[in-house]
Amino acid sequence: MTVPAAAWEDLQRRLASLENSQQANTADPNRLNLVVFESHRDRLLAAFVMATGAAAVGMEVTMFFTFWGTATLRKRAFIGGKKSLVERAFGWMLPAKNSTKLSRMDMCGMGRMLMDREMKKKNIADLDKLIETAADLGVKIQVCEMSMQLMGIKREELIDYPQLDYCGVACFAENAANANTTLFI
Amino acid sequence: MTVPAAAWEDLQRRLASLENSQQANTADPNRLNLVVFESHRDRLLAAFVMATGAAAVGMEVTMFFTFWGTATLRKRAFIGGKKSLVERAFGWMLPAKNSTKLSRMDMCGMGRMLMDREMKKKNIADLDKLIETAADLGVKIQVCEMSMQLMGIKREELIDYPQLDYCGVACFAENAANANTTLFI
Amino acid sequence: MTVPAAAWEDLQRRLASLENSQQANTADPNRLNLVVFESHRDRLLAAFVMATGAAAVGMEVTMFFTFWGTATLRKRAFIGGKKSLVERAFGWMLPAKNSTKLSRMDMCGMGRMLMDREMKKKNIADLDKLIETAADLGVKIQVCEMSMQLMGIKREELIDYPQLDYCGVACFAENAANANTTLFI
(Lines give C-alpha, C1' and ligand atoms only; values in the text may rest on other atoms or scores of the structure.)
Protein backbone atom coordinates (compact mmCIF):
# COMPACT_ATOMS: atom_id res chain seq x y z
CA MET A 1 0.00 0.00 0.00
CA THR A 2 1.03 3.64 -0.29
CA VAL A 3 1.27 5.39 3.05
CA PRO A 4 -0.36 8.86 3.08
CA ALA A 5 2.15 11.53 4.11
CA ALA A 6 -0.20 12.80 6.86
CA ALA A 7 -0.51 9.30 8.38
CA TRP A 8 3.26 8.90 8.34
CA GLU A 9 3.79 12.21 10.12
CA ASP A 10 1.11 11.33 12.68
CA LEU A 11 2.90 8.07 13.36
CA GLN A 12 6.22 9.85 13.92
CA ARG A 13 4.60 12.33 16.29
CA ARG A 14 2.96 9.63 18.40
CA LEU A 15 6.19 7.65 18.63
CA ALA A 16 8.14 10.72 19.76
CA SER A 17 5.50 11.53 22.39
CA LEU A 18 5.69 7.99 23.77
CA GLU A 19 9.48 8.14 23.90
CA ASN A 20 9.39 11.46 25.75
CA SER A 21 6.97 10.27 28.40
CA GLN A 22 9.04 7.13 28.83
CA GLN A 23 12.12 9.23 29.54
CA ALA A 24 10.21 11.42 32.00
CA ASN A 25 9.07 8.39 33.99
CA THR A 26 12.37 7.46 35.55
CA ALA A 27 11.01 5.29 38.36
CA ASP A 28 12.92 2.03 38.09
CA PRO A 29 10.92 -1.01 39.32
CA ASN A 30 14.17 -2.68 40.31
CA ARG A 31 15.23 0.05 42.72
CA LEU A 32 14.36 0.00 46.42
CA ASN A 33 14.95 2.82 48.92
CA LEU A 34 14.71 2.25 52.65
CA VAL A 35 14.49 5.28 54.96
CA VAL A 36 15.72 4.10 58.37
CA PHE A 37 14.31 6.53 60.93
CA GLU A 38 14.08 4.40 64.08
CA SER A 39 16.88 2.95 66.15
CA HIS A 40 15.19 -0.20 67.42
CA ARG A 41 17.01 -3.41 66.71
CA ASP A 42 13.93 -5.17 65.31
CA ARG A 43 13.44 -2.39 62.74
CA LEU A 44 17.14 -2.43 61.84
CA LEU A 45 16.96 -6.19 61.35
CA ALA A 46 13.85 -5.81 59.17
CA ALA A 47 15.54 -3.09 57.12
CA PHE A 48 18.69 -5.12 56.50
CA VAL A 49 16.76 -8.36 55.81
CA MET A 50 14.74 -6.50 53.15
CA ALA A 51 17.84 -4.75 51.78
CA THR A 52 19.93 -7.90 51.44
CA GLY A 53 16.98 -9.99 50.22
CA ALA A 54 16.14 -7.47 47.50
CA ALA A 55 19.80 -7.02 46.52
CA ALA A 56 20.20 -10.81 46.31
CA VAL A 57 17.48 -11.01 43.65
CA GLY A 58 19.15 -8.24 41.65
CA MET A 59 17.52 -5.05 42.92
CA GLU A 60 19.52 -1.87 43.42
CA VAL A 61 19.10 -0.92 47.09
CA THR A 62 19.81 2.38 48.87
CA MET A 63 19.37 2.84 52.63
CA PHE A 64 18.95 6.38 53.91
CA PHE A 65 19.67 6.70 57.65
CA THR A 66 18.04 9.67 59.34
CA PHE A 67 17.20 10.91 62.85
CA TRP A 68 17.52 8.13 65.48
CA GLY A 69 18.61 5.74 62.72
CA THR A 70 21.75 7.80 62.18
CA ALA A 71 22.92 7.11 65.72
CA THR A 72 22.77 3.35 65.17
CA LEU A 73 25.48 3.55 62.52
CA ARG A 74 28.03 4.53 65.18
CA LYS A 75 30.71 2.02 66.12
CA ARG A 76 30.02 2.62 69.79
CA ALA A 77 27.73 4.78 71.89
CA PHE A 78 30.30 7.06 73.46
CA ILE A 79 33.15 8.67 71.60
CA GLY A 80 35.08 11.66 72.97
CA GLY A 81 36.30 14.66 71.02
CA LYS A 82 35.15 18.26 70.80
CA LYS A 83 31.46 18.07 71.60
CA SER A 84 29.02 20.32 73.41
CA LEU A 85 27.42 19.05 76.61
CA VAL A 86 24.12 18.34 74.83
CA GLU A 87 25.90 16.49 72.03
CA ARG A 88 27.67 14.40 74.67
CA ALA A 89 24.28 13.64 76.24
CA PHE A 90 22.87 12.54 72.88
CA GLY A 91 25.93 10.36 72.32
CA TRP A 92 25.55 8.73 75.67
CA MET A 93 21.80 8.13 75.57
CA LEU A 94 21.35 7.00 71.99
CA PRO A 95 22.12 3.39 71.09
CA ALA A 96 25.05 2.57 68.81
CA LYS A 97 24.87 -0.45 66.49
CA ASN A 98 25.51 -3.08 69.12
CA SER A 99 23.46 -1.53 71.90
CA THR A 100 20.18 -1.15 69.97
CA LYS A 101 17.13 -2.41 71.84
CA LEU A 102 14.02 -4.24 70.70
CA SER A 103 10.95 -1.98 70.37
CA ARG A 104 9.00 -4.39 72.59
CA MET A 105 9.82 -7.23 74.95
CA ASP A 106 13.35 -5.89 75.40
CA MET A 107 13.08 -6.33 79.18
CA CYS A 108 16.42 -4.67 79.95
CA GLY A 109 18.21 -6.86 77.44
CA MET A 110 16.64 -10.22 78.38
CA GLY A 111 14.31 -10.36 75.35
CA ARG A 112 17.11 -9.16 73.11
CA MET A 113 19.38 -11.90 74.40
CA LEU A 114 16.71 -14.56 73.83
CA MET A 115 15.99 -13.19 70.35
CA ASP A 116 19.72 -13.31 69.50
CA ARG A 117 19.94 -16.88 70.80
CA GLU A 118 16.91 -18.01 68.80
CA MET A 119 18.31 -16.38 65.65
CA LYS A 120 21.64 -18.14 66.09
CA LYS A 121 19.94 -21.46 66.83
CA LYS A 122 17.72 -21.16 63.76
CA ASN A 123 20.53 -19.96 61.48
CA ILE A 124 19.04 -16.51 60.93
CA ALA A 125 21.76 -13.92 60.22
CA ASP A 126 22.29 -11.31 62.95
CA LEU A 127 22.78 -7.58 62.42
CA ASP A 128 26.57 -7.69 61.99
CA LYS A 129 26.35 -10.51 59.46
CA LEU A 130 23.52 -8.72 57.60
CA ILE A 131 25.54 -5.49 57.32
CA GLU A 132 28.49 -7.50 55.97
CA THR A 133 26.23 -9.18 53.40
CA ALA A 134 24.71 -5.82 52.45
CA ALA A 135 28.22 -4.47 51.78
CA ASP A 136 29.07 -7.54 49.65
CA LEU A 137 25.86 -7.16 47.63
CA GLY A 138 26.53 -3.48 46.93
CA VAL A 139 23.73 -2.03 49.07
CA LYS A 140 24.40 1.73 49.32
CA ILE A 141 24.16 3.52 52.68
CA GLN A 142 23.44 7.25 52.81
CA VAL A 143 23.53 9.18 56.06
CA CYS A 144 21.39 12.27 56.64
CA GLU A 145 23.72 15.22 57.19
CA MET A 146 21.18 17.28 59.12
CA SER A 147 20.70 14.47 61.66
CA MET A 148 24.47 14.15 62.14
CA GLN A 149 24.71 17.87 62.70
CA LEU A 150 21.72 17.92 65.07
CA MET A 151 23.05 15.12 67.27
CA GLY A 152 26.68 16.14 66.92
CA ILE A 153 27.76 12.85 65.34
CA LYS A 154 31.10 12.99 63.53
CA ARG A 155 32.04 11.01 60.41
CA GLU A 156 34.81 9.15 62.22
CA GLU A 157 32.27 7.75 64.69
CA LEU A 158 30.40 5.83 61.97
CA ILE A 159 30.98 2.18 61.07
CA ASP A 160 33.35 1.32 58.24
CA TYR A 161 31.16 0.58 55.24
CA PRO A 162 32.41 0.52 51.64
CA GLN A 163 29.48 2.41 50.07
CA LEU A 164 28.71 4.94 52.77
CA ASP A 165 27.84 8.44 51.65
CA TYR A 166 26.47 11.65 53.21
CA CYS A 167 23.47 13.45 51.82
CA GLY A 168 20.57 15.77 52.43
CA VAL A 169 16.86 15.91 51.75
CA ALA A 170 17.29 16.89 48.07
CA CYS A 171 19.19 13.68 47.51
CA PHE A 172 16.39 11.76 49.26
CA ALA A 173 13.81 13.38 46.95
CA GLU A 174 15.83 12.41 43.88
CA ASN A 175 16.12 8.81 45.08
CA ALA A 176 12.37 8.66 45.74
CA ALA A 177 11.60 9.85 42.21
CA ASN A 178 14.00 7.36 40.64
CA ALA A 179 12.90 4.20 42.44
CA ASN A 180 9.56 2.46 42.28
CA THR A 181 9.62 1.56 45.96
CA THR A 182 10.56 3.71 48.96
CA LEU A 183 9.76 2.51 52.48
CA PHE A 184 9.86 4.54 55.71
CA ILE A 185 11.00 2.18 58.45
CA MET B 1 4.12 8.68 -0.23
CA THR B 2 6.75 5.98 -0.52
CA VAL B 3 8.30 5.08 2.81
CA PRO B 4 12.11 4.79 2.63
CA ALA B 5 13.24 1.34 3.78
CA ALA B 6 15.62 2.90 6.38
CA ALA B 7 12.82 4.99 7.92
CA TRP B 8 10.58 1.93 8.12
CA GLU B 9 13.27 -0.08 9.89
CA ASP B 10 13.95 2.79 12.28
CA LEU B 11 10.23 2.91 13.14
CA GLN B 12 10.15 -0.80 13.89
CA ARG B 13 13.21 -0.54 16.10
CA ARG B 14 11.78 2.33 18.15
CA LEU B 15 8.46 0.56 18.61
CA ALA B 16 10.19 -2.61 19.79
CA SER B 17 12.33 -0.61 22.24
CA LEU B 18 9.22 1.05 23.70
CA GLU B 19 7.45 -2.30 24.03
CA ASN B 20 10.44 -3.81 25.79
CA SER B 21 10.72 -1.00 28.32
CA GLN B 22 6.98 -1.20 28.91
CA GLN B 23 7.28 -4.90 29.70
CA ALA B 24 10.23 -4.25 32.01
CA ASN B 25 8.24 -1.64 33.92
CA THR B 26 5.78 -3.94 35.59
CA ALA B 27 4.79 -1.61 38.42
CA ASP B 28 1.00 -1.60 38.36
CA PRO B 29 -0.56 1.67 39.69
CA ASN B 30 -3.56 -0.32 40.85
CA ARG B 31 -1.59 -2.60 43.14
CA LEU B 32 -0.98 -1.83 46.81
CA ASN B 33 1.32 -3.77 49.17
CA LEU B 34 1.17 -3.30 52.92
CA VAL B 35 4.03 -4.64 55.04
CA VAL B 36 2.60 -5.13 58.54
CA PHE B 37 5.56 -5.15 60.93
CA GLU B 38 4.02 -3.91 64.19
CA SER B 39 1.48 -5.63 66.40
CA HIS B 40 -0.31 -2.59 67.81
CA ARG B 41 -4.05 -2.57 67.32
CA ASP B 42 -4.11 0.99 65.95
CA ARG B 43 -1.61 0.07 63.22
CA LEU B 44 -3.53 -3.13 62.40
CA LEU B 45 -6.74 -1.08 62.13
CA ALA B 46 -4.98 1.45 59.86
CA ALA B 47 -3.60 -1.38 57.69
CA PHE B 48 -6.97 -3.09 57.27
CA VAL B 49 -8.84 0.20 56.70
CA MET B 50 -6.38 1.05 53.90
CA ALA B 51 -6.49 -2.51 52.51
CA THR B 52 -10.29 -2.73 52.40
CA GLY B 53 -10.69 0.87 51.21
CA ALA B 54 -8.25 0.35 48.34
CA ALA B 55 -9.76 -3.04 47.44
CA ALA B 56 -13.25 -1.48 47.46
CA VAL B 57 -12.23 0.98 44.73
CA GLY B 58 -10.78 -1.85 42.63
CA MET B 59 -7.14 -2.04 43.68
CA GLU B 60 -5.34 -5.35 44.06
CA VAL B 61 -4.09 -5.48 47.66
CA THR B 62 -1.49 -7.76 49.27
CA MET B 63 -0.66 -7.62 52.98
CA PHE B 64 2.71 -9.04 54.04
CA PHE B 65 2.83 -9.85 57.79
CA THR B 66 6.31 -9.93 59.26
CA PHE B 67 8.02 -9.84 62.66
CA TRP B 68 5.61 -8.75 65.46
CA GLY B 69 2.84 -8.48 62.88
CA THR B 70 3.03 -12.24 62.30
CA ALA B 71 2.05 -12.93 65.89
CA THR B 72 -1.17 -10.91 65.54
CA LEU B 73 -2.51 -13.35 62.95
CA ARG B 74 -2.77 -16.06 65.61
CA LYS B 75 -6.24 -17.15 66.75
CA ARG B 76 -5.17 -16.86 70.36
CA ALA B 77 -2.04 -16.00 72.26
CA PHE B 78 -1.24 -19.36 73.75
CA ILE B 79 -1.39 -22.62 71.88
CA GLY B 80 0.32 -25.79 73.12
CA GLY B 81 2.19 -28.35 71.02
CA LYS B 82 5.86 -29.13 70.58
CA LYS B 83 7.59 -25.86 71.32
CA SER B 84 10.85 -24.88 72.96
CA LEU B 85 10.74 -22.87 76.18
CA VAL B 86 11.68 -19.65 74.38
CA GLU B 87 9.03 -20.24 71.71
CA ARG B 88 6.48 -20.74 74.49
CA ALA B 89 7.60 -17.46 76.05
CA PHE B 90 7.17 -15.65 72.71
CA GLY B 91 3.72 -17.21 72.35
CA TRP B 92 2.71 -16.09 75.79
CA MET B 93 4.06 -12.53 75.64
CA LEU B 94 3.09 -11.55 72.11
CA PRO B 95 -0.47 -10.40 71.42
CA ALA B 96 -2.78 -12.53 69.27
CA LYS B 97 -5.42 -10.85 67.11
CA ASN B 98 -7.87 -10.10 69.90
CA SER B 99 -5.36 -9.12 72.56
CA THR B 100 -3.49 -6.47 70.54
CA LYS B 101 -2.91 -3.21 72.40
CA LEU B 102 -3.02 0.42 71.28
CA SER B 103 0.44 1.93 70.74
CA ARG B 104 -0.53 4.81 73.06
CA MET B 105 -3.25 5.51 75.62
CA ASP B 106 -3.82 1.77 76.06
CA MET B 107 -3.86 2.19 79.85
CA CYS B 108 -4.03 -1.55 80.59
CA GLY B 109 -6.96 -1.97 78.24
CA MET B 110 -9.04 1.05 79.35
CA GLY B 111 -8.17 3.17 76.29
CA ARG B 112 -8.65 0.17 74.02
CA MET B 113 -12.11 -0.44 75.52
CA LEU B 114 -13.10 3.21 75.05
CA MET B 115 -11.77 3.18 71.46
CA ASP B 116 -13.77 0.01 70.72
CA ARG B 117 -16.91 1.58 72.20
CA GLU B 118 -16.48 4.79 70.21
CA MET B 119 -15.94 2.80 67.00
CA LYS B 120 -19.10 0.78 67.61
CA LYS B 121 -21.10 3.90 68.50
CA LYS B 122 -19.92 5.70 65.38
CA ASN B 123 -20.41 2.70 63.10
CA ILE B 124 -16.70 2.26 62.32
CA ALA B 125 -15.88 -1.37 61.53
CA ASP B 126 -13.73 -3.16 64.15
CA LEU B 127 -10.77 -5.45 63.41
CA ASP B 128 -12.79 -8.68 63.07
CA LYS B 129 -15.27 -7.04 60.71
CA LEU B 130 -12.42 -5.48 58.67
CA ILE B 131 -10.66 -8.85 58.27
CA GLU B 132 -13.95 -10.39 57.11
CA THR B 133 -14.43 -7.57 54.59
CA ALA B 134 -10.82 -7.92 53.41
CA ALA B 135 -11.43 -11.63 52.75
CA ASP B 136 -14.64 -10.82 50.83
CA LEU B 137 -12.84 -8.23 48.71
CA GLY B 138 -10.03 -10.63 47.82
CA VAL B 139 -7.23 -8.95 49.80
CA LYS B 140 -4.30 -11.41 49.87
CA ILE B 141 -2.45 -12.11 53.12
CA GLN B 142 1.14 -13.36 53.02
CA VAL B 143 2.96 -14.43 56.15
CA CYS B 144 6.73 -14.13 56.51
CA GLU B 145 8.14 -17.62 56.94
CA MET B 146 11.31 -16.46 58.70
CA SER B 147 9.28 -14.67 61.37
CA MET B 148 7.14 -17.77 61.96
CA GLN B 149 10.27 -19.86 62.32
CA LEU B 150 11.94 -17.31 64.61
CA MET B 151 8.98 -17.07 67.00
CA GLY B 152 8.04 -20.73 66.69
CA ILE B 153 4.56 -19.99 65.30
CA LYS B 154 2.90 -22.95 63.57
CA ARG B 155 0.54 -22.75 60.58
CA GLU B 156 -2.35 -24.24 62.56
CA GLU B 157 -2.15 -21.35 65.04
CA LEU B 158 -3.03 -18.75 62.39
CA ILE B 159 -6.52 -17.42 61.72
CA ASP B 160 -8.62 -19.03 58.99
CA TYR B 161 -8.35 -16.73 55.99
CA PRO B 162 -9.21 -17.76 52.42
CA GLN B 163 -6.22 -16.17 50.69
CA LEU B 164 -3.48 -16.77 53.23
CA ASP B 165 -0.09 -17.76 51.90
CA TYR B 166 3.45 -18.20 53.24
CA CYS B 167 6.44 -16.49 51.68
CA GLY B 168 9.94 -15.15 52.09
CA VAL B 169 11.87 -12.00 51.34
CA ALA B 170 12.27 -12.83 47.61
CA CYS B 171 8.51 -12.87 47.27
CA PHE B 172 8.36 -9.49 49.07
CA ALA B 173 10.90 -8.05 46.61
CA GLU B 174 8.87 -9.31 43.64
CA ASN B 175 5.68 -7.77 45.06
CA ALA B 176 7.45 -4.45 45.62
CA ALA B 177 8.67 -4.36 42.01
CA ASN B 178 5.21 -5.21 40.64
CA ALA B 179 3.15 -2.67 42.59
CA ASN B 180 3.29 1.10 42.41
CA THR B 181 2.72 1.49 46.14
CA THR B 182 4.29 -0.42 49.05
CA LEU B 183 3.86 0.86 52.61
CA PHE B 184 5.74 -0.26 55.72
CA ILE B 185 3.30 -0.09 58.62
CA MET C 1 9.60 0.79 -0.38
CA THR C 2 5.94 -0.14 -0.44
CA VAL C 3 4.52 -0.86 2.99
CA PRO C 4 2.34 -3.99 3.09
CA ALA C 5 -1.15 -3.17 4.37
CA ALA C 6 -0.88 -5.86 7.08
CA ALA C 7 2.38 -4.42 8.39
CA TRP C 8 0.85 -0.94 8.52
CA GLU C 9 -2.15 -2.15 10.48
CA ASP C 10 0.10 -4.07 12.86
CA LEU C 11 2.09 -0.88 13.47
CA GLN C 12 -1.06 1.11 14.27
CA ARG C 13 -2.26 -1.56 16.68
CA ARG C 14 1.05 -1.65 18.57
CA LEU C 15 1.17 2.12 18.85
CA ALA C 16 -2.39 2.28 20.20
CA SER C 17 -1.61 -0.45 22.73
CA LEU C 18 1.46 1.47 23.97
CA GLU C 19 -0.55 4.68 24.25
CA ASN C 20 -3.29 2.94 26.23
CA SER C 21 -0.90 1.41 28.73
CA GLN C 22 0.81 4.77 29.10
CA GLN C 23 -2.48 6.42 29.99
CA ALA C 24 -3.31 3.65 32.46
CA ASN C 25 0.01 4.17 34.26
CA THR C 26 -0.72 7.46 35.94
CA ALA C 27 1.94 7.24 38.65
CA ASP C 28 3.82 10.54 38.50
CA PRO C 29 7.50 10.25 39.62
CA ASN C 30 7.36 13.85 40.82
CA ARG C 31 4.54 13.29 43.28
CA LEU C 32 5.11 12.37 46.91
CA ASN C 33 2.43 11.33 49.44
CA LEU C 34 3.14 11.20 53.16
CA VAL C 35 0.69 9.37 55.42
CA VAL C 36 1.18 10.84 58.91
CA PHE C 37 -0.17 8.27 61.37
CA GLU C 38 1.86 8.97 64.52
CA SER C 39 1.77 12.02 66.75
CA HIS C 40 5.37 12.04 67.95
CA ARG C 41 7.22 15.27 67.37
CA ASP C 42 10.25 13.56 65.80
CA ARG C 43 8.05 11.87 63.17
CA LEU C 44 6.20 15.14 62.51
CA LEU C 45 9.55 16.89 62.03
CA ALA C 46 10.71 14.13 59.67
CA ALA C 47 7.46 14.35 57.69
CA PHE C 48 7.64 18.12 57.28
CA VAL C 49 11.39 18.09 56.49
CA MET C 50 10.74 15.57 53.70
CA ALA C 51 7.63 17.44 52.51
CA THR C 52 9.31 20.84 52.31
CA GLY C 53 12.55 19.38 50.93
CA ALA C 54 10.72 17.56 48.14
CA ALA C 55 8.48 20.56 47.39
CA ALA C 56 11.57 22.80 47.23
CA VAL C 57 13.03 20.69 44.40
CA GLY C 58 9.75 20.88 42.50
CA MET C 59 7.82 17.79 43.65
CA GLU C 60 4.08 17.91 44.25
CA VAL C 61 3.56 16.88 47.88
CA THR C 62 0.39 15.74 49.69
CA MET C 63 0.32 14.94 53.42
CA PHE C 64 -2.52 12.74 54.64
CA PHE C 65 -3.05 13.01 58.42
CA THR C 66 -4.79 10.02 59.98
CA PHE C 67 -5.36 8.49 63.44
CA TRP C 68 -3.05 10.01 66.09
CA GLY C 69 -1.59 12.28 63.43
CA THR C 70 -4.96 14.01 63.06
CA ALA C 71 -4.86 15.17 66.66
CA THR C 72 -1.54 16.95 66.13
CA LEU C 73 -3.13 19.34 63.64
CA ARG C 74 -5.19 20.90 66.44
CA LYS C 75 -4.32 24.42 67.57
CA ARG C 76 -4.40 23.35 71.19
CA ALA C 77 -5.11 20.20 73.12
CA PHE C 78 -8.32 21.18 74.82
CA ILE C 79 -11.16 22.93 73.11
CA GLY C 80 -14.68 23.03 74.56
CA GLY C 81 -17.96 22.70 72.69
CA LYS C 82 -20.49 19.91 72.36
CA LYS C 83 -18.47 16.76 72.94
CA SER C 84 -19.15 13.42 74.60
CA LEU C 85 -17.17 12.51 77.71
CA VAL C 86 -14.96 10.11 75.75
CA GLU C 87 -14.31 12.73 73.06
CA ARG C 88 -13.31 15.15 75.80
CA ALA C 89 -10.93 12.54 77.19
CA PHE C 90 -9.35 12.03 73.76
CA GLY C 91 -8.99 15.79 73.39
CA TRP C 92 -7.31 16.10 76.73
CA MET C 93 -4.94 13.15 76.41
CA LEU C 94 -3.81 13.53 72.82
CA PRO C 95 -1.08 16.05 72.00
CA ALA C 96 -1.90 19.12 69.91
CA LYS C 97 0.73 20.60 67.59
CA ASN C 98 2.77 22.32 70.27
CA SER C 99 2.52 19.63 72.92
CA THR C 100 3.76 16.71 70.81
CA LYS C 101 6.42 14.57 72.49
CA LEU C 102 9.54 12.87 71.18
CA SER C 103 9.09 9.11 70.63
CA ARG C 104 12.20 8.50 72.76
CA MET C 105 14.28 10.51 75.20
CA ASP C 106 11.37 12.86 75.84
CA MET C 107 11.99 12.66 79.61
CA CYS C 108 8.88 14.68 80.55
CA GLY C 109 9.87 17.44 78.16
CA MET C 110 13.58 17.71 79.06
CA GLY C 111 14.79 15.92 75.89
CA ARG C 112 12.29 17.86 73.80
CA MET C 113 13.57 21.12 75.22
CA LEU C 114 17.20 20.18 74.54
CA MET C 115 16.29 19.06 71.00
CA ASP C 116 14.50 22.38 70.39
CA ARG C 117 17.51 24.30 71.71
CA GLU C 118 19.96 22.34 69.55
CA MET C 119 17.78 22.89 66.48
CA LYS C 120 17.65 26.63 67.13
CA LYS C 121 21.39 26.79 67.80
CA LYS C 122 22.17 24.89 64.60
CA ASN C 123 19.69 26.83 62.47
CA ILE C 124 17.42 23.85 61.81
CA ALA C 125 13.81 24.95 61.24
CA ASP C 126 11.35 23.97 63.99
CA LEU C 127 7.86 22.55 63.45
CA ASP C 128 6.05 25.91 63.25
CA LYS C 129 8.57 27.25 60.74
CA LEU C 130 8.36 24.03 58.69
CA ILE C 131 4.54 24.18 58.52
CA GLU C 132 4.79 27.80 57.37
CA THR C 133 7.32 26.83 54.68
CA ALA C 134 5.14 23.89 53.61
CA ALA C 135 2.22 26.28 53.13
CA ASP C 136 4.39 28.66 51.10
CA LEU C 137 5.61 25.82 48.88
CA GLY C 138 2.07 24.60 48.20
CA VAL C 139 2.25 21.33 50.15
CA LYS C 140 -1.31 20.01 50.43
CA ILE C 141 -2.67 18.74 53.76
CA GLN C 142 -5.54 16.26 53.82
CA VAL C 143 -7.18 15.18 57.06
CA CYS C 144 -8.78 11.77 57.48
CA GLU C 145 -12.49 12.29 58.14
CA MET C 146 -12.95 8.96 59.90
CA SER C 147 -10.23 9.80 62.43
CA MET C 148 -11.81 13.20 63.13
CA GLN C 149 -15.15 11.53 63.68
CA LEU C 150 -13.64 8.78 65.88
CA MET C 151 -11.82 11.21 68.17
CA GLY C 152 -14.54 13.85 68.02
CA ILE C 153 -12.25 16.51 66.53
CA LYS C 154 -14.09 19.42 64.92
CA ARG C 155 -12.93 21.39 61.87
CA GLU C 156 -12.65 24.62 63.86
CA GLU C 157 -10.11 23.00 66.18
CA LEU C 158 -7.57 22.48 63.37
CA ILE C 159 -4.72 24.85 62.54
CA ASP C 160 -5.23 27.49 59.85
CA TYR C 161 -3.55 26.13 56.74
CA PRO C 162 -4.22 27.43 53.21
CA GLN C 163 -4.43 24.07 51.46
CA LEU C 164 -6.18 21.96 54.10
CA ASP C 165 -8.81 19.52 52.91
CA TYR C 166 -10.85 16.64 54.36
CA CYS C 167 -10.95 13.23 52.80
CA GLY C 168 -11.51 9.52 53.22
CA VAL C 169 -9.78 6.28 52.32
CA ALA C 170 -10.96 6.38 48.66
CA CYS C 171 -9.12 9.66 48.22
CA PHE C 172 -6.01 8.09 49.83
CA ALA C 173 -6.21 5.18 47.35
CA GLU C 174 -6.45 7.57 44.41
CA ASN C 175 -3.44 9.56 45.66
CA ALA C 176 -1.41 6.37 46.08
CA ALA C 177 -2.17 5.28 42.51
CA ASN C 178 -1.25 8.70 41.08
CA ALA C 179 2.08 9.21 42.84
CA ASN C 180 5.26 7.21 42.48
CA THR C 181 6.10 7.50 46.17
CA THR C 182 3.85 7.09 49.22
CA LEU C 183 5.39 6.81 52.69
CA PHE C 184 3.65 5.71 55.90
CA ILE C 185 5.19 7.71 58.72
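Residue numbering begins at 1 within each chain, and the chains themselves are lettered A, B and C in the order written.
Criterion: a residue touches a chain if its C-beta (ideal position, glycine included) is under 8 Å from a C-beta of that chain, and two chains touch if they have at least 3 such contacts.
For each chain, UniProt lists the protein as follows: A, B, C = NADH dehydrogenase FAD-containing subunit.
Bear in mind the structure is a predicted one, so any value in this text is a computation, not a measurement.
Because contacts link each chain to all the remaining chains, their graph is best described as complete. Think of chain A turning onto chain B: fitted on CA atoms, that turn is 120 degrees, to the nearest 5. Put simply, the C-alpha centre of chain B and that of chain C have 21 angstrom between them.
Multi-chain contact residues of chain A (touching two or more other chains) are listed as 2-3, 11, 15, 18, 22, 25, 27, 180, 183-184.
Contact residues on chain A toward chain C in their complex (touch as defined above): 1-3, 11, 14-15, 18, 21-22, 24-27, 35, 37, 39, 66-68, 86-87, 89, 93-94, 146, 149-151, 168-170, 172-174, 176-178, 180, 182-184. Of all residues in chain C, those touching chain A in their complex are 2-5, 8, 11-12, 15, 18-19, 22, 25, 27, 29-30, 32, 42-43, 45-46, 49-50, 52-54, 56-57, 59, 103-105, 114-115, 117-119, 122, 124, 180-181, 183-185.
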